[in-house]
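Common to both upcoming complexes is chain A, partnered first by chain B, then by chain C.
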Partner chain A sequence: MAATGTVTARKAAWLDLDAVAAPSRAAVAGVRVAVACGIIGIWEALSASGLFFGDVVPSLAKIIPAMLGLLGQDVFWTNLQATAWETVAALAIGAVAGVACGITLGANEFLRKAYEPFLYYFSPTPRIILFPIMIMWFGIGIESKIALGALASFFPIALSTAAGMRGIERVLIRVGRSFRASGWQMATKIYLPAMRVPVLTGVRLGFGGGLITVLLAETKLSNKGLGYLVMQYYQRFDMATLYGLLIILFVLAGVSNALIGRWERAGR
Partner chain B sequence: MSASAEPYLVIDNVLKRFGSGPEATVAVDHMSFDVKPGEFVSVIGPSGCGKSTLFNIIGGLLGDYEGEVRVGAERISGPHPSIGMVFQEESTFPWRSVIDNVAFPLELRGVPKAERHDRAHHFIDMVGLSGFAKHYPSQLSGGMKQRVSIARTLVSEPQILLMDEPFAALDEQTRLLLGDKILQIQQQLNQTTLLITHNLTEAVQLSDRIVVMTYRPGRLKRIVNIDLPRPRTSEVVGSDAFGHYVAEIWSDLREEASSGMMDAETTAARRNRPRG
Partner chain C sequence: MAERTRLRDLAPITVGIASLAAIAVVAELLLLAGVLNRYILPLPSDVLVALVRLVREEDILSRMGLTAFEVLTSGFLVILAGVPLGVLLYRFRLMRAALEDWLGALAAAPIVLAFPLFLVLFGRGPKTIIIISFVYGLAPVVLKTQEGLTATRRVHVNVGRSLNMTPAQMFWKILFPSALPTIFTGIRLSWTFCLVTVVAVEFLVNLGGLGHLINELAERYDMPGAYAAITFVILLSMGFFIVLERIQSWLQPER
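Now for the complex of A and B:
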């Protein structure tokens, strides 16, 4: 209550955008471990509580062996292969089309003004609503999933490439011209490296979108893939294996994302 | 320096219009001067006088102009191999290390890696960046990045070094010290140089001759010979002769700069008129 001479600026303790010291790594790691332990603890408590019917929330003691068992079965590996192939093919098609489209829109102001609004408006539409059309066009095999995944990864890659193209420092282009670089040299030594980061950001987002869409499509109407496998275990009510499979999917998605992210940041 | 020699670079009655018809503005109006071998010439003028337009014409980045810019007997209509440009903006490639930045022009010509690194090292040492070859531009200060750009242009061994306010973004002290570096290099290579600047001290510190331009349209106002002894260092800034030259050129420039300032104020006033 009583004023004590010094005046200290007050701010909320968590609000530290201008913090002087970097947060300690040990503290951050500690919090992460604590969160993971907390989630596992709550999970186990729920599982033991008997609040849920049957095996809806199986204990980790059941999930882990089921997961390891899954890793030993051919059915997992063949379906993983199908999903991986679909995702890679979708990403490849989406990336090639997206980069080409992005470069075109980025290089030409008229085309950008004319077409980019379509990209923006169509981009947030869930691709899965087009699945029936893809099935009619490409059948229920992997082709329809690849088509849908390609569509999903196309948009972020195209938008990000277009933004990257426009973001190139003009002076770097003038440097290239002043040293009389050929068209090919301009493309490979200036434009592409200057756009590497935005394009790879687009590829990372496109990978996420493509994978989600492929898995989603597999759960709907298909005869292979990890999404299909998820639905199989669900229909058999094999919850322990289902959760095991989900954990594997989380890890796979996280690792692939991290790998692309590392590639994105490399060389800077 | 050798004032009797044939000029390397001739700017002959150069005129540049932007736009067409009654809307056209003349950026550079019948400019003529030349640069002789080994000479250091500065073009000085207030902001907006068409200096940068002139820079782009001489560098071959603006092909469409009237009159002639000649290197030897050749009229410039595109980037010329004997002219090396250094830009005002920070222009190093952030994805390349210093050595690969500097070796860039040699890479374009297909010089083998070992040889181009050798030659790049030589110029990295010359601009005083020994030990930074493996660094990336993001790890360097503004002045160091600008020296990388200069080394990159020097490595292509241009007959004429053409610089557009390369130190504009730097603080005054760094600028004076880099001026020393430029003087040193120029002496070492006997490098013919044309510097575009709006900085008086920089122009007098470095030049053999200074071309003063008028404000809009950019015309030739006069050419001043700077008879300060060479080799020079930034210490020349303290001498009486230096002060005399600065005062002399400033009296020419003052009128031009103030009409530029008035112009800018009118434009700003027009722009800020309340909308309704």
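Now for the complex of A and C:
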């Protein structure tokens, strides 16, 4: 057994067909550190090589101080506040409208067939191109960014809620009925708890879509927000700060996404 | 019977389309009556007329060609790079354990926001748009390729083994065909990202194809034209997604 086993195992291992002993934590950490060092090394080499125009690929020795400096400035925090407010307002509007729409579509088969295809196929289109319309309707202030962000977060929330509504186990509903639950009790004890995870999935996707749409709209036309700040540093050609700001933005987006994801998993 | 089910499926679709038409008619009437402001919402009939004008005067077809070129180039580059990377990730378990989460984070990162950086690095041109779209679209193909290969059914693998297949045979006859539908799911996601990124960046930096046209018409305050161009791009994207989905369901084995 052992002798024939090794031959097959070796062959299989080439394609990783068998569960070869799972890699140790130390090895995983080692690879991560090596990859990170490799990327940093390539970056620094590019920066020093002069292949790109001066300062286009600044050394980390410039980016990190610029990033820390940015965190110490009021201009960062006031613009962060503007973006955060726009995103939260957009998400709130998108979530209320999305959940209402999702419940309606999830509860009624005819409405679902009539309108869900539109939502479904419209949902991934590039929403930023609706920005000119939003400017016409809501002006050039934060209202147009909120409107566009709300539009972006509405679709995933509506679709996910509708799918969640249809995915509720019939048994749960029958249990509620057999206990003669009132409409209110059915809603609060059966539907809402069962819908929590799909709605939160929608909120997480909607948050991502809303945030990036708000930021992109800010780069296009605005006088505050982190997207506006990105364009400021771009126009001043302050590359080190621009890289620093983008790193902060990626971290912020990642952390908030992970937080909502954790909340979502806690519901399971 | 078949006739009847068909009718039953058609009814809601008709209602859906009819309600869109009804909204347009109501908007037209409200605009004509002066309840809604024509400066912010053009007459739907004017938008329809503008659509014809876009084809004749604004060269929308060649712009569409440029956008399509950018989307397809980055889309195929994503496949060329992403599938082999996914296979490597599958092959080297340690790499997978170390880098899968990072790739997931990359897929979720708002890379498109870094467009000013790409402009500085690669200049203002279609090349830059293709590069941004490539970077944005890469992660789903890599992750889905790896996922598809990992999910190959043990029975199939064992059949291959009992036939004493070489690793190459194993890969091409068993693993790859089994992973193909999942890989295509990744391609569909990536191409969706690519289309959205290309149009968005064209719009944001005023460059090239359809996105640029929308910006230009809006800045000229040609409202019917801008609405028509936006409608056109949305319909085009919807068509693109429907085609991708058809291909995917065609590739999906019968369950």
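By definition in this document, the second predicted complex is superposed on the first by the 237 of 268 C-alpha atoms of A that agree within 3 Å, B and C clash if a C-alpha of one lies under 4 Å from a C-alpha of the other, contacts with A are read in each partner's own complex, and residues count from 1 in each chain.
Definition applied: contacts are C-beta pairs under 8 Å (C-beta built on N, C-alpha and C of every residue); 3 or more make two chains touch, one makes a residue touch a chain.
Bear in mind the structure is a predicted one, so any value in this text is a computation, not a measurement.
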Give one of first, second, both or neither to describe whether A:P132 is in contact with chain B, with chain C, with both, or with none.
-> second
Pick one for A:A114: touches chain B only (first), chain C only (second), both, or neither.
-> second
Per residue count on chain A, the busier partner among chain B and chain C is C
Please work out whether A:I64 is in contact with chain B alone, chain C alone, both, or neither, and reply first, second, both or neither.
-> neither
Return first, second, both or neither, reflecting whether A:T219 touches chain B, chain C, both chains, or no partner chain.
-> second
Determine, under the contact definition given at the top, whether A:F250 touches first (chain B), second (chain C), both, or neither.
-> second
How about chain A: which of its residues touch chain C in the complex?
-> 8, 11-12, 14-17, 20, 22-23, 27-29, 31-32, 35, 52, 56-57, 110-115, 117-118, 121-122, 124-126, 128-133, 135-137, 208, 211-212, 215-216, 219-220, 227, 230-231, 233-234, 237, 239, 242-243, 246, 249-250, 253-254, 257
Along chain A, where are the residues that touch chain B in the complex?
-> 169, 171-172, 174-175, 177-182, 185, 189-190, 193-194, 196, 267-268
Can you name the residues of chain B that touch chain A in the complex?
-> 59-61, 79, 81, 84-85, 87, 89-91, 93-96, 104-105, 107-108, 136, 138, 156
Going by the contact rule at the top, pick out the chain C residues touching chain A in the complex.
-> 9, 11-13, 15-16, 19-20, 39-41, 90-95, 97-99, 102, 105, 108-110, 112-117, 119-121, 157, 161, 167, 170-171, 175, 192, 195-197, 199-200, 203-204, 211, 214-215, 218, 223, 226-227, 230, 233-234, 237-238, 241-242
